[in-house]
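Shared between the two complexes below is chain A, which has chain B as its partner in the first and chain C in the second.
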Partner chain A sequence: MILAQLMVNGIALGAAYALVALGFVLVLNATGAVNFAQGDLVMAGGFLAVALAGFIPDAPGFVLLPLVMALMALLGIAVSATAYLPLRNRPPVGVFISTIAVGIILQNGATVLFGPEPKAAAPLFGGGAFTIAGLQVPTQSIAVIATAALLIAGQYWLFTHTQLGRRLRATAQDPGMARACGIPVTSMIALTFALGAALAGAAGLLLSNQFFVTPSAGSGLILKAYIAVTIGGWGSLPGAVIGALLIAAFEVVVSYTLSYTAATAALYLALLAILAVRPQGLFGEASRRRA
Partner chain B sequence: MPPRMPPWKKTLLTAALAAAVAHAAPASAEVDIPVLVPVTGFLALEGTSQRNGAVLAIRHAADRLRVRSEVIDTGTSPEGAVTALERASGRGKPLAVAASMLGTQMLAMLPLAEEYGIPLVTVSGTASITERGNPWVFRFFPGDEVTKTAHARYVVEELGRRRPAVIYQTTAYGQSGQAHLRDAFAKLGVDPVFEEGVDPGIRDMLPVLTKAMAASPDVLVLHLHSGPTALFVRQAAASAAGIPIVAGSAMHQPSTAALLEPAELKGVCAETSASPVSGGSPEIEKFTADYRSSFNTDPDAFALGQYDGIAMVLDAAAKGAATPEDIRDVLSQTTYKGLAMTYRSDGKGNMARSATIVCYDGASRIPAVAKRYEAVAGQ
Partner chain C sequence: MPEALTRGLNPLLILAALALAAYALFGAGPYGLRVLTVAGVYAIAVIGYQAIFGQAGALSLAQGTFFGIGAYVTGILGSTSGFGFAVTFPLSILAPTLLALLIAVPVLRLESHYFALATLGIGQVVLLAAVEWQSLTGGANGIAGVPGIDLFGWRVGRGLPLALFVWTLVALGALLAWLLGHGRRGAAFPIMRETPVAARTLGIDIDRLRLEAFAVSAAYGGAAGALTAHTQRVVSPEVLEFPVMVTILTVAVIGGQGRIAGAVVGAVLLIHLPEWFRGLENGYLILYGAALLATIVAAPWGIVGSLERLRARLIPERPPAAPAASAPPARPTSKPSLPASSAPVLYVDGFGKRFGGVQAVSDVSLRLDRGRILGVIGPNGSGKTTLINLITGLEKADAGKLYVSDADITGEPPHRRALAGIARSFQTAALPSDSTVLEAVTAARIAIDSDIATARSHAMHFIVQAGIADLVHTRCGALPPGPRRAVELARALARQPLAMLLDEPAAGLTEDEQASLARRLRAAADDGIAIMIVEHNMPFLLPLADRILCLDEGRAIAEGTPGSIRRDPAVIAAYLG
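So, the complex of A and B:
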């Protein structure tokens, strides 16, 4: 029974991590650069949810979610305009540094605006738990899983069933050819940053109710996103989701059988083993180099 | 090692120093007390409390003192702290410095403080900062050897529990606390039934709680940072653990309690040096009211400790201590009755040796003082 309980917790946590990793991969694919501010964008989304709750008292999280995602999308466009586009023709290290700088600005901005105290955002549908076959399932966990699944499915639909998605994919696969075909590559890149930031905002809202948010919370999340993407395959969207779920499984389920420290060590050993057997990651493409 | 001074000689010297200082009091002296604390980074919460405490003490300085003070953010790196100290000392000789509570930063600043001759007044809990024979460091917050002794004694002597499960952070802070808890429990003849370290990045506390409960403990003893403490307490309440929780000092911080519903706090206690929001005296209530009106937030023990430390420096300055050497001598040789406790150096710069246990009643987020331990290190 406890194992089932832990599985539910692990899937809920992994679902939120998956949104972080997906946003990371989207930008990675579109630009070929690692967005080191992705974790801090998640933190910003969490604080935005807290701030919006102040303007709309008693509003549940599902009401705030679209607002948070929309505002975060605008922030994503601002990040692309300031930290990526001016440096796009320079060596990739320039973008690494500029996104690190964006992350630091977001951290310090959050400290100034909200203070250093941990904060909790509103739950998606209310607190409490319900019982299924003797299993205590927190409402928030189920809501997180459902919301993340919807967002991931929505993103899949966008990329596979819409003209916009095809343009985004074309830009990610070969920006030069996409531009030659008349696709506005710069706008597509800005839109990708917007999507990535919107997903980060959603993850921030989902995580900050159960696990709180602090200005420095982003640095741990970017590491998790990086590992998830490395495990799943550099640039692979399904791989990012699987990688994120795997990290959560180690964090919640494996740590129950071992210790937290041993589970962390086991996660890194698993990462090394995967890279030894499949250097391209679980879902990566062996012949392509994306970054 | 220099020969120890006989007690009668020390008393005579202290009296002479106090008398000299009192007679030398100028009409209006300007003193420089920079505040070098981490207000950004992972220790921003505690560093901000430190800054607020120091700033409030400076605002409360005696009218005849003109205090010049600049707050410099040290971040969380040792070099950030050293740079801040260099910058502060570059524009003159500070009378004293309110110095970072981050142990690694303090360790980096100590040699420089000795070279420049500047007293560092801190609330850092890192034991080693006062174990290096540096006469320029003064800690106005009880170290782990004090707080963890009180922590363990409350569990065993007051609650009568002998099967503690100890959950601690894997950071230097957590490991130091765990080591001192283990020693304190051993002195009380108690062996924890469960011990596990938790990384600060871990979000789900159900695994460690489940394992701890499987060991059949009769009390949960925590030594975690603020966020993880709230996560653990919330998980324990959701799981109806049914045994008391005696947490570390992070639990007493109003910002930690604010993350939890009052009902989730029922049966939860915490060790701390003081709990300003719990009141206790008109002076503490005035401090809390002033703090709230100045910073729009509740004070914690770190703020009060730093307030007392800077207040002691300013008190000495108001009585005529005009140089850093004077301040060092006053801090190391005299007794000061602060708001949180009475401070006196143990010869190494450890000024605080009292600890308090506070408990929540499940109806509010303001804890009540359950037990006070005085002069713990001397016992």
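So, the complex of A and C:
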């Protein structure tokens, strides 16, 4: 019984992590750049949901979700314009530092605006729980899983079944060739950042109800996205989702049996062990290195 | 005078240093002195950080962690054991250095982004440990009652004495960093930072350089942490949190990456910044973030780099005189008693390599002989470049053996193979764009010559020989394709190799340049070098080569003289036809 309960919690957490990791991989594939601000974008999405709830009292999360995602998409475009596009032809370390700088601004901006205390956003469809086969399932957990699944499916459909998705993939594979074929590469990159930030915003809203959001949550989240992507194979979209589910399951089980601190420490140590043994990730590298 | 030293000695910087000293001695109140002391502490942390981040070019996010560990060691020992500074300070340096050496094994060979995130992860583990291990660290409350600095009975008082003590350590640390980072090691850093793959094939052991730089950064981080514990008199988990790392990174970038003076200037400026913008309270980190972003986008060379550029524009500096060329002593060829033709210089026995499902190279054997040129041809994707990568060790062969002068070097890493006598060029010339031609060719000598001046003068010999002496102070990034090739060839020849492997050396050259390249290669062969040339340009290759090896889909399909290869039906079907 407890195991089933833990599974539901783990899948819900993993679904939210998967959104974080997906946004990270989308930008990674499109630009070859690691977006260190991804965790802070999730945090920003959480606080945006909290702030919007102040303007629209009693609005459930599913009403706020499209608003948060739209605003975060704009923020994503701003990030690409200030922190990626001016540095695209320089060594990759420049983008690492510029996105770290964006993270610093977001994190401390949130501290100044909202204070350092944890905040919670509204649940998607109100609180409460229902019972299936004697199992107490929080409505929020099911709603989080459904929403994340919907967003992941939408993202998959966009990339595989639309002209825009083909252009985005072409840009990711070979920007030079894509440009030669008449694809507006710069807009595609900005759009990818917008998508990545929108997914981060959604994850922020979903996570901040059960787990709260603090301004300093970003570095923990980017590490988890990074671990998920490393486990799932650098650059692989399905791998990112699987990796996110795995680390969430690990976290939920170890937190339950030992403590949250032990879970986090074990996760990082496991990562170091993976890197020591298989630097290319557990399932190999999906994207070729662009150094 | 060594340029690394003069580069930091800008008249403006000297004036600023004097003004700062006058302020400390006569103008600053107790609070001002305290801020100056903190700036000195950060200067030490960043001088160390410049080694791994600025010079080795690896974005470590563990410097704040090393700083925090140094602080905790001093805090724990100082408050409980009663040991003085003479014991706690060295231990505070030792502990993070040992940690750096320990974690270096899994993380140092990782690529840039993996390295950055792995070091961030290590920081999180240490922070968790500091909060949870309450019996040792005092948990979230930390450790109070850390004593001041007590050195063999001499107590360093608060205020001016402490500020002077810290800044004396800054000066010593800067001097030591300069001693460590100039000369041959200093010449290796730009090559290893910008073109790490090429650096390995020049005989530079970049893994070891990175390890040393990481250990040095940890030692400085620990020293700074110890001083912060003595300054604050308390140690709490704050010293391990991300804002410390943010400050260190921001100071390094804004001051000027890789520059010792940049660390000091950046620290003084950024530690004072929050004092000048008091209204911001804790929002000063937003300012750091914005300044970091603006700097990395608009002026990635930082303040000290900007001053250098400004000076270069105001007082156009004549380039330093090129060192006098001196011919290096001839490389002792192994086993000179043997007749030149009997043993191959380099022998590949059955190399094989798979990438995923593709057999890139399959059972290829070849020999390179003294004074002979082997041409390697084949369609795109037939495994030619992979073959060079396998011989130079950049890729690991799944099967086969490699011998140089009869010695089996199959298991050796790239830099050892280079030292065994293998040199190479790259398909797209891999020159560090910010280095001058002289610096780029000198890099080929630093693993051979005993000091940098000799390396430079030997490099000059090969530059003159290549006929590019007028380009000696040109930045490699500004070179047109022809001269780029010439520089790369000069760099390969400067290694005085036994065997030289060239990847499409004639690509993009004019006919005149091709003719001159062919003459130089023939002359190099006549000097006794065994040469292998991968090339698509048959009018260039066929008259030049003594023998030709043709690859197709990773297999050797024909080998023979250029004349026989031209008539070989398999070669015509696969490639020439």
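Quick notes
Keep this in mind: the second predicted complex is superposed on the first by the 255 of 291 C-alpha atoms of A that agree within 3 Å, B and C clash if a C-alpha of one lies under 4 Å from a C-alpha of the other, contacts with A are read in each partner's own complex, and residues count from 1 in each chain.
Keep this in mind: a contact is a pair of C-beta atoms (placed from the backbone, for glycine too) under 8 Å apart; a residue touches a chain by one contact, two chains touch by 3 or more.
Being a predicted model, the structure only gives us computed values, none of them experimental.
By the touch criterion defined above, A:Q5 reaches chain B but does not reach chain C.
Once the two complexes are laid over each other on the shared chain, residue contacts for A:Q140 go to neither chain B nor chain C.
Looking at the shared chain after the overlay, A:G220 reaches both chain B and chain C. When both complexes are overlaid on chain A, the residue A:I100 reaches chain C alone and has no touch with chain B.
Once the two complexes are overlaid on the shared chain, A:T31 sits clear of chain B and of chain C alike. In the superposition on chain A, A:Q210 contacts chain B only, with no contact to chain C.
When the two structures are aligned on the shared chain, A:T111 is found in touch with chain B and with chain C.
When the two complexes are overlaid, the chain among chain B and chain C that reaches more residues of chain A is C.
Shared-chain residue A:R90: touches chain C; no touch with chain B. Applying the stated contact rule after C-alpha superposition, one finds that A:A276 touches chain C and leaves chain B untouched.
The interface of chain A with chain B overlaps its interface with chain C at residues 107-108, 111, 216, 220, 261, 264. Within the complex, the chain A residues that touch chain B are 2, 5-6, 9-10, 13, 107-108, 111, 115-120, 129, 136, 138, 207, 210-212, 214-216, 220, 251-253, 255-256, 259-261, 264. Of all residues in chain A, those touching chain C in their complex are 34, 36, 82-83, 86-87, 90-94, 96-98, 100-105, 107-109, 111-112, 216, 219-220, 222-223, 226-227, 230, 261, 264-265, 268-269, 271-273, 275-276, 279, 289, 291. Within the complex formed with chain A, the residues of chain B that make contact are 39-42, 44-45, 47-48, 170, 196-204, 206-208, 210-211, 226-227, 230-231, 238, 255-256, 258-259, 297. By the touch rule above, chain C contacts chain A in their complex via residues 57, 59, 103, 105-107, 109-114, 116-118, 120-122, 124-125, 128-129, 131-132, 194, 242, 246, 249, 253, 282-283, 285-286, 288-290, 292-293, 296-297, 300.
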